[in-house]
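After this come two complexes, each holding chain A, first together with chain B and then together with chain C.
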Partner chain A sequence: MLSDKLRIAVVTTFPPGTGSLNEYGFHFVNALRQKFDDVSEVLLYVDALPDGEAYPPFEPDSGIPTTIIPCWEFDALNNATRILKTARQTKPDMVLFNLQFATFGGKKISASLGLLTPALLQMWNIPTVVLLHNIMETVDLKSAGYAGNGIVERVLRCFGYIATKLLLRAELVALTIPKYVEILESKYKADNIVLAPHGSFDDTVHQPVFELPEGPMQIMTFGKFGTYKTVEPLIEAFEKLQRRPNADLELVIAGSDSPNAKGYLAGVAEQYKHVSNIRFTGYVAEEDVPIIFGEAAAVVFPYTSTTGSSGVLHQAGDYGKAVILPNIGDFAEVITEEGYTGEFFEPEDVDSLATAIANVIDNPDHRRAIGQQNFLASHGIPIAEIVDWYLLHMQTLLMQKPNRNGPPTVDRTQLA
Partner chain B sequence: METIVVSLNDRIDAFNAPQLREVFEGLLSAGHVNFIVDLRDVKFLDSAGMAALVTLLKRARQSSGDVNLTWPTLEVSQRILKLTKFDRVFTIKNNIADFNVTVSKTVTFPQ
Partner chain C sequence: MQLSEKELGGVHILLIEGRFDAHTSTPATEWLEEKSASTGARIVINFSKTEFIDSVALASLVSAMKRCRQTDGDVVLCELSKPVKIIFELTRLNRAFQIYETEVDAMVGYGI
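Our next item is the complex of A and B:
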């Protein structure tokens, strides 16, 4: 009897691992594990934790049986072959990659070699779908800390082109922003690129709470800092705002250093130790995320460049938060297309940033209106439904190709 | 086979997709499983509207039914179907008559 359910492997970072996209991986996998009608088993191909630490196993009754397989390491050079070996041993029906360009390494060679993995698996007839959170075409490589000069930038662009071509060897490459789909389709003449929106992480919140906790009004920024997310202008804008009469404010810098900027936040803390009411939270555990966002009056995006749709923006939307965003390139267009809104500032312009923050925190109705629109944009599609989009595409793809191990594993009359 | 036509007009986006979902849910709860969603007069369709259609498709197929679409007339409304590649998942034709089915009921949204 043919099985109509899929065994799906997901290559991702995953908490307590702290690599980029770990939170997206967490929510995506949790949603996938509830798809009892479509999925029989989930295999997590995750990066090994430091010091041989083990991933906590899933509770047996919390969803579809899931096996965690640490089979790659950040910055290792042999991740592609290790993942291939794991896939050949475990034989999933489909391998989904949760990726950005630096998922497999902070160094150019390790990052590039890791990106060969989907193409390598395809060569071994293991079907792959890639969820790519950013595209090289829209990244300011210099600001993002990847290219120090024009020559390096040109070389990286060349590598980026090749890496994207290789990623497009996957059965399907999913992007979260309509404009990005059009850019890649046009440049690479590919017809296997799909739009799959980011999706809302929290489908349990029905209405955001706009009331703020007692105490200082919290201005919050969230992320991995030190490359294109730098907090110096934000701290200086915060200083200006604190000098205003009756200012009762706290700046919350939530998150840790970017893998490419180790020690950055410690340096900033030292440099600005004279500024009061700044709280550095360090890495924010999953259970603390609702508190950090819930208490914030405004969420600031102190970016000098963007590398794609911001996961933090979607989180801010989940909690109905007003956001303060940099006026960079097509970022405004991109977020507007996703239904979001916010106050905009000129990147690295302290006065502009202070004004934008003031516009939000001084006007409760404006703050609420922005938060409400972002909430609607974020809750347009829960991530559980986005997972359905992937499953529908995977089932359609598997219908069209013979299974590598013999007969099809998908009952072709049951596509949803 | 009994087919319901849900005729959409105006914009279908994040602001009214929840109401559209309620209409679909009501029809599913009433036992309908075969649908043609007529998109010809849709002025704009975004990913939230697309998600409502995909959820209907999933629910209908779980009950051994199906959802077919007609192509929106406006290019701006076709865009999301093409970007999401759901034009490869749904059967889409130019007119309701092209499906050659018996329509038992037509529902219009927004009314």
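Our next item is the complex of A and C:
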């Protein structure tokens, strides 16, 4: 058997940090902390909170001992060396990265330098697994706010290619969508790519509640806004819907600015202050997420492009919600592959969006049917079981390579 | 999906015919849960007639394999049809499971 249970470090954003993928990081780490048979300690390499704020410690009896180590900062240029230093000091058996391309920075240089980290750790013989939520090949860089013109886009694609090559220096790169695996395998000729489903956040299977609360019917959108998630067309569609007779609606814009678009939502609120019944919630704390989703009649994805499978879609599915989705080739394909469905609209087309929302909120049976299918899709595999897959991969990898502190003692029957 | 089960020398063998996915997996998952609950359970899954497998089905296999290995048992696979083989390779779970060409090889692997 592996002579010891694993000490696993996870490089991730984590609540109350508000960086992208913090929700995924939260659920993944919470599931990992319950793997008492396989894991002895979890080290969280998280980004430092603003103003020196401290992460709340985990309750002692809530799972495997977990140490929170804020060792990198969004947009800092030296994140790779800081994480390397932390890893060399704390000596985990494996480092797992919960990543997308802008995890380490909203600026091109900081984001790119951060992506060097897995390769750097590998050079120091620290095994790494990368969970990559998006791939550069399917991101619309212009819509995502990273490329203003064609030349910049070409340069970024080139950097993206190099960054992907470097990420592929990890022992294993996990992707959540079969199509992404095919793209990377064929383009980069890589043989260390693995498909690992996203997983359901809510591991307590419960029947969703389709009845809505008293009061105005809530149309909700959730996320970090300002780059490829823009709410202007949604607000204008909402205005149209409000003009209908007997409309009793509320638009809930739940979430905060994208790190790449600071001040975006404040600007929108000012621009549309004449529109009634809009509620900007700001950052939604973990405990408020069930309320926000539970009260919504429909969840709208006002995206102009996508960067991969949507964590928000999985959450909407967890709560059995009908969703209104942009008709973007990649996104539609991805969600269909995952078993989800929804009402589709043409991106940035206000009339199309208003019609799609109306189709859902005017037809309770249709709303319920979409919600039910999404509920079933999201409850396919709890994230706790996906964590098992990662642990299996890690154990297999460690079996195959000499240990930094001496060879592992391996008994295959204990690889569980 | 159709299941055919047998037992040889204390090894539980399950042949899965048709689709093994989120919509059809319950009987096979329940069978796996029942058999893997025994201490040291030894299980062979024969995929020669399986047309399709999805991640939900894979998850139930992983769970059963983990349970078995915790008590020195195992879940091994054999005669993977082409669609099944592709999914195992895509998820790299082919490296976590013992996979045999034939059911006989799987039994030999268990020392039967």
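We take it that the second predicted complex is superposed on the first by the 407 of 416 C-alpha atoms of A that agree within 3 Å, B and C clash if a C-alpha of one lies under 4 Å from a C-alpha of the other, contacts with A are read in each partner's own complex, and residues count from 1 in each chain.
Criterion: contacts are C-beta pairs under 8 Å (C-beta built on N, C-alpha and C of every residue); 3 or more make two chains touch, one makes a residue touch a chain.
All figures in this text were calculated on a predicted structure; none of them were measured in a lab.
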item: Side-by-side fit of chain B and chain C on chain A, or clash; value: clash
item: Contacts of A:L392 with chain B and chain C, given as first, second, both or neither; value: both
item: Which of chain B and chain C A:V194 touches, first, second, both or neither; value: both
item: Contacts of A:D37 with chain B and chain C, given as first, second, both or neither; value: both
item: First, second, both or neither for A:L376, with chain B first and chain C second; value: both
item: Doubly contacted residues of chain A, that is, touched by chain B and again by chain C; value: 37, 172, 178, 181, 194-197, 339, 376, 380-381, 385, 388-389, 392-393, 396, 414-416
item: In the complex, chain C residues that touch chain A; value: 22, 55-56, 59, 62-63, 65-70, 72, 74, 90-93, 95-96
item: Chain A to chain B touching residues, read off their complex; value: 37, 172, 178, 181-182, 194-197, 339, 376-377, 380-381, 385, 388-389, 392-393, 396, 414-416
item: Residue numbers on chain B that touch chain A, as the complex places them; value: 13-15, 17, 46-48, 51, 54-55, 57-62, 79-80, 83-86, 88-89
item: Chain A residues touching chain C - in the complex, by the definition given at the top; value: 37, 172, 178, 181, 194-197, 339, 376, 380-381, 385-386, 388-389, 392-393, 396, 413-416
